[in-house]
Amino acid sequence: MNEKKQARVGVYVCHCGSNIAGVVDVVDVAHWAANLPNVVVSREYKFMCSSLGQELIQKDIQEMGLNRIVVASCSPQLHEATFRNACDRAGLNPYLFEMANIREQDAWVTSDKTEATKKAKALTAAAVSRVIHQEPLEALLVPIESNVLVVGGGIAGIQAALEIADSGNHVYLVEREPSIGGHMAQFDKTFPTLDCSACILTPKMVNVGNHKNITLLTWSEVEAVDGYVGNFTVTIRKKARYVDESLCTGCGVCQEKCPKRVIDEVFEAGLGYRKAIYTPFPQAVPNYPVIDRENCTYFLKGTCKACEKFCEPGAIRFDQKDETLAVKVGNIILATGYDLFDARRVSNYGYGRLPNVFTSLEFERLTNAAGPTSGNVVLRDGKTTPKSVGIIHCVGSRDKNFNNYCSVICCMQGLKFAHLVHERTGATVYNFYIDMRTAYKAYDEFYQRVLEEGTLFVRGKVAEVTDAARYSNEKGKLIIQVEDTLAGKQRRIPVDMVILSSGLQARADSKEVAQKFGISCSADEWFIEKHPKLDPVATMTDGVFIAGACQGPKDIPSSVAQGAAAAARVMSIIGQKEIQIEAATAIVDEENCVGCQQCMAVCPYQAILYLADKGKAHVNEALCKGCGTCAGACLPKSISLKHFTDLQLVSEMVGAMQTMKDFETISAEVAA
Amino acid sequence: MIEYKNILTTCPYCGTGCAFNLQTLDGRIVGVLPAKKHVISEGGLCIKGWNAHDFVYHKDRLTRPLIRKDGQLAGSSWEEALTLVAGKFSQIKAESGPDSIGFLSSAKCTNEENYIVQKFARAVIGTNNVDHCARL
Amino acid sequence: MTEPKIIGFLCNWCSYRGADGAGMARLKYPPNVKIIRVPCSGRISPELVLRSFREGADGVMVLGCHIGDCHYSTGNHRTAKRMPVLKKLLEYAGIDSERLYVNWVSAAEGEKFAAVIKDFTEKIRALPPFTETMKSRKQKLAEMKQTEKEVEWTSA
Amino acid sequence: MDKRINDLGQIIEKILPEVDGVLGLKTGPGGIVAPHLFVKERPEELELMAIWPKEPLPSVIRLIQQAHPEAKLAVVCRGCEERGMVEMFKHAQLNLNNVTLIGLQCTQEEAEFCRCAEPFTVHAKMIVGQPIEGVADPLTEKIAAMSQPEKLAFWKEEFSHCIKCYGCRNICAQCFCNVCALEDETWVQTGHLPMGNPSMYHLVRAMHMTAKCVACRECEETCPVGIPIAIHFRLIARDVKEMFNYETGAVIDQKPPQLLVLEEGDYERTGLPH
């Protein structure tokens, strides 16, 4: 209270050349403001933001003992930082400064000069009234842990991990499956250049496996995340492999000898087999196998142990348990990828019911030389080569019944399939598309190439795939019923094989994961970036970044670019060594808090904790972003937002209202 | 054993005579509840009645007489305090007459206590200078 | 005819920048609205709005980011829940609920901001001054007596 | 003799040995009824047990539980009191796990006295009396139907009587804060009567009662000047139900709407611009 009585305010009204002075009578405003309560000095100057203008303020602070500064000039978005720094240089806490926006919100938008001057006075009075109640604040500095957690070992995660590890910082790369590689490891060729997917991916995977700065944790999942940017503690559960990693040489004898064959639903998309002890694919990194407990004969019946018998180094450990480890990291990159849209949901396309309807992933495995058919494109019977193939685009995408969005990759994927079918079988290929989307470098050229190869394109959404033949030429075939919107007629096209270019969708557990890491999901359950254009890999939670398809459908080049971008953002934070935390945070008056927990529920950042022993709320300043939603919600006003307290806002409002009322009285008197 | 009960009493503040229940928990007064069926207050109270219990455990409440000695207030016994007051009264009355003394009584006293105060003023000291705030 | 006095609470990230945008585009609008910057529209408690009315504001504007675009992700969801209830309360108390205006203006919507201010100022201008409507009969009586006295004094 | 008293007495007698206390009402001197904690050490006090007029038992049970967090308590509650306790539970003010609810259904006469739409308990395990339909509140309807100037005139008149005793706040079970915005000069001008228009006191309080008021009418009953204060709260409660599908006290694990983000369709019902 005492301090407020002693508030010594300096007011500085800026001409901004003629930008303000051309409309507002700045001299009048400055003279008038000199009579406001607590104002010690009031000046006007041509350009307050110039170094001379700033020096004026600094000199007055030092010579006249000013302890509050108001500058009436442009928008605080432009020069709040400038003047705060000037105050700081003169030894005045920057939070004892306030700005009145008389340019963007007055001089530039008001035609009448008298009215503009009145408004400038009201805004200045509001700022003076507010600044008296402002309090000095200190920004908190916290050191940054240089270790980084990357979640997801697909191409985006691999790229991010390598970039950071190469810069000399340590990375924990956590992958849920037994090997890194992600979806890319399952593909045969990549569009538009048709490089072999494994050929370009494997070197990177090996690099990750050997990197001295990468701790690779496969067959592991993140259990919990605690803390804030620079200081996260992450709990990771390392699932039991039943193989001692320090002894296993990756020779593969165990897989040979294991008598139990299991259909491989994950890597081979259900088309091939693996053993109960397995690595998902020969180039897996790390190359240690995993025992699938649910199918292992020993775990089911208590006898077998074939793998143990034949393992020369003796690496099999049937008694291995899940391990939990806690790591300290400063930043987190989520690259958790996507799930393939389940084509069964589009029941009229017959997947799961009609054997020769394939999903895109199944087809990828069919064409892969290391796949179940050694790269032969054949029907479900395993031997017949199709003579005609229909490729349906936009399966589950751009569809009100399923996903509204475009899955981005399916057009190019469909074209790639058309090319591969043509190349491997010489079959007639039909592509059914809604719109052909071949943006980006060399994509449309690829489309032209496929056109020239003789693939037939039908523009229209496929209504149905059926085996109910109506005509003799349809017997034993799959009939694609489609409205050809270019020809304007219904068509029935009989083919031997149908490939559904399924869309991408968010991981089934993406909401759960988002909650764990304190970020949010869109309605489609993709992770939300901080800004859709200007901050695509950051999230609303500082220190948590997203890369690749977990943010939305993406092809390989974009995923790689995002992985690298996220790594760059993380390295920029690590380079700062310590990070400044917002000073205008919320604070709880513990004596008055009644512990109703409303503030906790409304906080978008989970920055408010409940101290159960005291029955009070408590703000974690490092997590608080200063939105003040809690202060708006608290009924007894026991939580307040520093620099935007009730008293400050009300004083500002009263300052403006009082000036407006005063002018009203004056004009009424003049009229009388 | 948890002991929660209500004790019916009359508001001490003014002459209206509103009633309320003093809520007590484990022997301590914890609040006021208006008495709904009471003929005078009919379940209502004014702001004074609602806060009538507040002073009981207040840290600033005087719990023993204080005497100013050498410019400092110091705790003393009732015996000492009353002797001092009686002595001063007699002294002032002897020096300046009974009308140099006045009595202000309190709304926080009961009717009977206020009666005693005026009786004391008139019969013992011999003055009609009596007033109080309980005649609201 | 007195000019309406209007207080606008604007969020820092969208609406305040939208207002700056209107300035940068030199769009003209009435000077009646005095803007108070808050970090998020979720910071605006109903008490702040009511206190502005109590202070004599003829209208109060609450502008924030569009739903889904909040800088603080869900701060403006609170606005969307509190303010409709407050509008209803004003209505039940006999106060024209149009005096409280809630809308969403993004940083890019300078034009919308100027239009919104124009519309709202005109709407409020059409209503009687707020403090006038709030005067009790006693106050009005006292004022009448006051004027009578003045008239007597001047005529005498 | 009201049969409910006998039934209730039997229930309490039965559970008294199992709990640390049963909160109910007891007739005191001069026939004045007040809340009382019946304990197994003094079962004879049950002779004096009463059920009417009702008292704000949710605030009393909170008081007792805060002093004795581990105590096993039971409480006799009517529909409104039960709703009140559910709302307090949602705001972490009451641990319902340690409280046994003994429901008491109101009679037609009692419901009419309170102008109560829901004079019955739903969550209580043991219930005394037969549930009845609620009654409509004619006064709320009358005020809702008024024109805007009529409403303004009505409330100006009513609020001009207010003596700011803070009784409506003090008696309210949902007003459990340690400090109160209504005592803060930032919001409510102190030392002025009659209070100004618009009344900061009553409007701020009405906002604070959003999604909290359980229509127990204690505030109206205790108001020394008879202002029908709860009407604002009840009218808003209708809107909250309509906009956010929330009814106070109805579902124990449903969070109050102001604590949740907008759900599908919420926004459309708020009437805010698109």
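Worth pointing out:
Letters are used for the chains, namely A, B, C and D, taken in the order the chains are written, and counting of residues starts over at 1 for each.
Definition applied: a contact is a pair of C-beta atoms (placed from the backbone, for glycine too) under 8 Å apart; a residue touches a chain by one contact, two chains touch by 3 or more.
In this text the structure is predicted, and so the values were computed from the model without any measurement.
Interface comparison, A-D versus A-C: the higher number of contacting C-beta pairs is recorded for A-C. Annotation: 45 Å between the Cα-based centres of subunit A and subunit D. The geometric centre of subunit B is 51 Å away from that of subunit C, both derived from CA atoms.
Per-chain Cα centroids separate subunit A from subunit C by 37 Å. Inter-chain centre distance (subunit C to subunit D, centres taken as mean C-alpha positions): 34 Å. Contacts with at least two other chains are made by no residue of subunit B. Touching of two or more other chains is recorded for residues 181, 186-187, 258 of subunit D. Counting only residues that touch two or more partner chains, subunit A has 602, 633, 646, 650.
In summary, the structure contains touching chain pairs A-C, A-D, B-D, C-D.
Residues of subunit C touching subunit D in their complex: 46-47, 50-51, 53-54, 67, 74, 77-78, 80-96, 102-104, 133-138. By the touch criterion given at the top, residues 2-3, 5, 7, 16-17, 19-20, 22-24, 26-29, 31, 34-40, 42-45, 47-48, 51-52, 55-57, 70-75, 78, 82, 114 of subunit C touch subunit A in their complex.
By the touch criterion given at the top, residues 20-21, 23, 26, 28-37, 39, 41, 53, 55-56, 60, 63-64, 67-68, 71, 163-167, 170-171, 221-224 of subunit D touch subunit B in their complex. The part of subunit A that touches subunit D in the complex is made up of residues 591-598, 601-602, 610, 615, 633, 635-638, 646-647, 650. Taken in their complex, subunit D has these residues touching subunit A: 91-93, 176-181, 184, 186-187, 208, 255, 258-260.
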